[in-house]
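Sharing a structure below in C-alpha cells format, with a few things to ask.
Chain naming follows the written order as A, B, C and D, and within any one chain the residues start at number 1.
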C-alpha cells in the first residue's frame, strides 16, 4: 500500500490520537483541518499558516509530527481523502500543467504501471479466488458499470460471454437497467465496477441484487466505496491519475485476470465452441 | 524491448544470414523452419528433430547458434511471429496451465505492467505529439475499433467527447459503419484501434478514410498491422497476454494519455462546460 | 378524435358543469369520482353503486347524463385520464383476455391502423412544417428518447444521419446523457420522443436544452405530456394499445415522414454521398 | 394482396404466356422488357416507345393487354420486381417530388396504414400461432436484425425481455455477432427481421442457427427474401414506402402482436416481477 493512501485512511484518526502531543500552534492547525479538510487539501503550506495564524514552518513541522516527510505528502493524503467529493472542475484546476505532450505520455503510462503494481499489492487473493469459484457455479452472471466503468464491464462481458453461456452485461442504452435484473436471485452473481465519482445507479442496482440474495463481486477503489458495503467479495483496484479523469486501466487488467482464470477452468468447452466460430469467421472473411 | 519480441522480428533474417555457418543438420532445421515456421512454433525440440531427421541436441545447438539461450526461446520467437495467424483454439492450447487463481492474477497483472513498460519504451513520441496537434485542429474526429478494441474506442470517445464538440465514435450496433464515415474528408482525423486478429472491417474503414484524405492515427501492436500502412501516425502498443485473449490494457493507458494531453490544451473550455454539467448532476442526484 | 379520448379530456369539467342538473344519487357519484377517479376507473358499475350507496342503474344513468352511451364508456374515459399514472401491473390486469393468438394479431394491427389514422387527424401540420424548416437550418440536431422511445429515436437518427452531417442520437449506454448535450445552444434543435409512463430523464434533458435556448420538437401523446410544456413544436401521436405495453408504431410512422421530408430537400447531397456508399457496400459485399 | 404486388409477382410469366397474342409492336416491347426490365422500370411510356421504336399508344395498349389499367401500373409492377436490387441513389431518383411537407406527412402515414392493412391480409395466422408456441417453449430466444431492422429487434427484445428470462438481442456493437450465437442448438428459437436490401450478415447468422437445428421465425417482406428459405415460420410484412427508405412500421406492429401474445400467456409471472420493478421505479423516481 503506498504511503499516500495508507496515510489518507488513517489521517483523521492520527490527528486525533496525536492531538495532545502537538504544540499550541500545531493544535490550531489540527482543529482547522478537522473542520476544513476539503479546503486545506488545496492550500499551500504558506496559505494554511496564514489562515490559521501560524508560520509556514509550523505547518511543515505539523506534517512531520504526523509522520509525513513534508507538507506535500500531508496534502496528498487530504486530497486522496476527499477524492470522491471532487468535482471535475476542481480536478481540472488540480491537474498539473505538464510542459509538453511527451511528458504527459510518460506520466500517464508510468502512473498506470504504478496503479497496477499497487493493485497487485493490495488486492485480496482470497476474494479473487472465491469470486472465480462463484462465477463458475452461477446460474446467471450480471456485469455492470456506469459511465467509463461500463466499458470495462463490456470488455469483461465480451470475454466471459464467449467462455460461458449465462453472462448478461447490464446496458443502460434504453435508459434504464432495473428490468434487466428484476429476476435476479440467490444463485446469481453480480460483478460490479464502480469508481469515483460513484454513480448512484450502480449502487441502486447492487443493493437490489443483494436484497434478492445474489452474490456480489465488486471491483472498486476503496472499501469505503458505496457498493463495497453490499459486496461479498471486494477487489480493490487503484484508479489514480494525475489528471482530471480516472484511469480504468488497472480495473481492465483485473478483468483480464478474471477472464483468464475462468477460461482456464473451461478450456475444453472453449475449444469446442471456438472450432465452430473459427469456421464461421473463416467462411465469411472476418479477419485479415 | 524484451528478448522474445526482438528476436521474433529478426528471426527470419537471422536464419538467412547465419545459414552458411550452420552445420549440415542445422541447415536441414533452418530450411524446415523457413517453410513450416507455423508448425514448428508448436513442436517440441524432440518432435522437430524427429521430423527433420536430426537429434534433439542438434535442435538445441541450432537455437544457440541463432543466439537463443535455448530451444524454448526460439520457439517463443516463432510463436510471436505467427501471432496474427493464430486461431483462438490454438491459443487456448498454448495457454499455460497455471496452478491456481492467484498465480493467474499475478501473471496477468505483471504482464500488463510489462506491456505498458514496453509500450513506453517503443512508442514514437513525435507521432504522439503530431497526433495531439492534429486532434486539436480537426473538423471532425472519428474513433473506431472492432471487437474488444471497440471498448477502448468508446472509452477514448467518451473522454474526448466531453472535451471537444466534434467527436464521433463509430458504432456497429446497427450492423454497419460505412454510412457513418461517408462524409469524411481532408480536415478530419480518424483514431483507429486494431489488434490481432486484425478485423477486416477496421481496415476497410481506415482505407476509405485515407482515400478521402483524412489524417489517420492508428493505435496498434505492430508496424506490420494492416491499418499501419494506411496511417499517418502509428502508436505502437503492446498487447501480449500469456493466455487466449489479448490485453487492451496498454491501449487504454495510451487512450488516457491522449485524453489528458488534449484536455490540457482545452482547460478553460472544459471548466466552462463542466460547471453546467456539475449543476445538472447535482440537481438530479447523479452521484453518491 | 375518438370518443374515449375526447371525453377523457373534458370529463372532469363536464362533471362540474353538469353537477347542478344531476339527481341526488348522481351527485353522490359525481363527488366520489372527483375524489377517487383512479379507483373508479377499475370499478364495475355495481361496485361503484355499492361503494357510493346507490343502485347500479343510477350509475348507468349518471354515465348517460354525462353523454356516455353506457358505464363502460365513462370508465374508459377515466382509464384514459389516469393512463400516465397506471403501473404496468395495473395494465396487465386491465389487458383483455383474448381468446387466441390470431385475435391478438388482428386487434393489435387494427389498433395500430387506428393509432396512425387518429395521428393523421390530430397532428398539427404547421408544427410539422416548422419542424422540418428548423431541422434544415440547425447547427446540430439532437435526437432523444428513453426506454422504447429510444428505438424510434435511433431509427430517426439513423435515417437523418445519412442525410445530414450534424445529427447526434443521445445514448444512455454509458449510463448518462447530460455530457452529450452540455454544449447545446440557440442554433441547435432537439427532437424528443416521450410517451407514458413519461421518463423523468427525458424531461430533464429537454428542460436543459430549452434553458440553453435550443429549439425543441417533441413527439408525444398529449399536450399534457411533461415535455410538451418545454417544446416549440409538439407533434401529437397516438400510442394506445389494448394491452400492457404502448405502441410506438405511430411515432415511427411520423419518424418516417420527418426523414422523407428532410430527405426531399437534400436530394442532391444524398445522391452524392450514396454513390460513395454504394461503392463501398458493393466492394465489401454488404448486401445479398 | 394489392394489385401492384400481385402483378409484379406474375408479370414476367404473364408476358411469356401472352406473348403469342401480342401485336408485332407489342412483341418488341415484350422482348425489350424481358431483357431490360430494370431500365424500363424507370422509363416513361414515351421513352420506352422511342427506345423500342413504337408509338407511345402502343406502349399503353401493351400494358392493357397484360391486364394493367395503364402504363404507370405496369411500371409500378416492374419497380416492385426489382426492388431488392435498387440502390439508394436509384430510389432517391424515384422518390416523388411532393409539393410540400404536409403532403409528405399524409402520404407516409397513409402508406403505413396501407402497409399494416396488407400485412393483416397476407400474414400467415398459423405461422404466427406456431411462432408463439415455440417462443413459450424455447430454451433461449435470439432476436436479430441489421441496420434499421435492428431497432425493431431491439424493441421486441425489450418487451420480450421483461416477460421472459431467456431473451438475447443479438448486437453488433462490438463489430460481430457470431460469438453470440455460437452455442445455439435445437431447443433455441431465432426471431430474425430482414428487409430489402437484405443484409448478408442476417442471412449468415440465420443459416448458422438453422444448421445447428434452431427453430427460425423470420419477419420479412417476401417469401423470396434470403432468410425465408432458412425459416420454419415466415411472417410476411409490407415495408413499401413511396420514398428512398423502407418503412419498419408494419414490422413493429407485428412485434407488438408477438409481445402481447407471449405476455398474455405469462400474465402471472409478469405481475410478480413488475411488482418488484414498480417498487424500484417508485423508490428511485424513474417516471414523472
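One rule holds for everything that comes next: a contact is a pair of C-beta atoms (placed from the backbone, for glycine too) under 8 Å apart; a residue touches a chain by one contact, two chains touch by 3 or more.
By chain, UniProt protein names: A, B, C, D = SIS domain protein.
Here the structure is a predicted model, which means the values were calculated and not measured.
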(request) State the chain with the largest centre-to-centre distance from subunit A, centres being mean CA positions. (result) D
(request) For the Cα fit of subunit A against subunit B, please give the angle of the superposing rotation, nearest 5 degrees. (result) 180
(message) Which of these, A-B, A-C or C-D, gives back the B-D interface, meaning over half of its contact pairs coincide by residue number?
(response) A-C
(message) Quick check: how many Å separate the C-alpha centres of subunit A and subunit B?
(response) 25
(message) Roughly how far is subunit B from subunit C, centre to centre by C-alpha average, rounded to an integer in Å?
(response) 48
(request) Could you tell me the distance, in whole angstrom, between the mean C-alpha positions of subunit A and subunit C? (result) 42
(message) Give me the residue numbers in subunit A that touch at least two other chains, ranges are fine.
(response) 147-148, 151, 154, 158, 174, 176, 199, 274, 277, 286
(message) So in the complex, the part of subunit D that touches subunit C is made up of which residues?
(response) 84, 87-89, 92-93, 95, 97-98, 100-102, 104-106, 108-110, 112-113, 116-117, 119-120, 123, 125, 128-129, 132, 147-148, 151-152, 154-155, 158-159, 197-200, 203, 226, 241, 243-245, 247-250, 252-254, 256-257, 259-261, 263-264, 267, 270-271, 274-275, 277-278, 285-288
(message) With touch defined as at the start, can you tell me which subunit A residues reach subunit C in the complex?
(response) 145-148, 150-151, 171-176, 199, 201
(message) Can you tell me which positions in subunit A touch subunit D when the two form their complex?
(response) 154, 158, 161-162, 165, 174, 176, 178-180, 182-183, 204, 208, 273-274, 276-277, 280-281, 284, 286
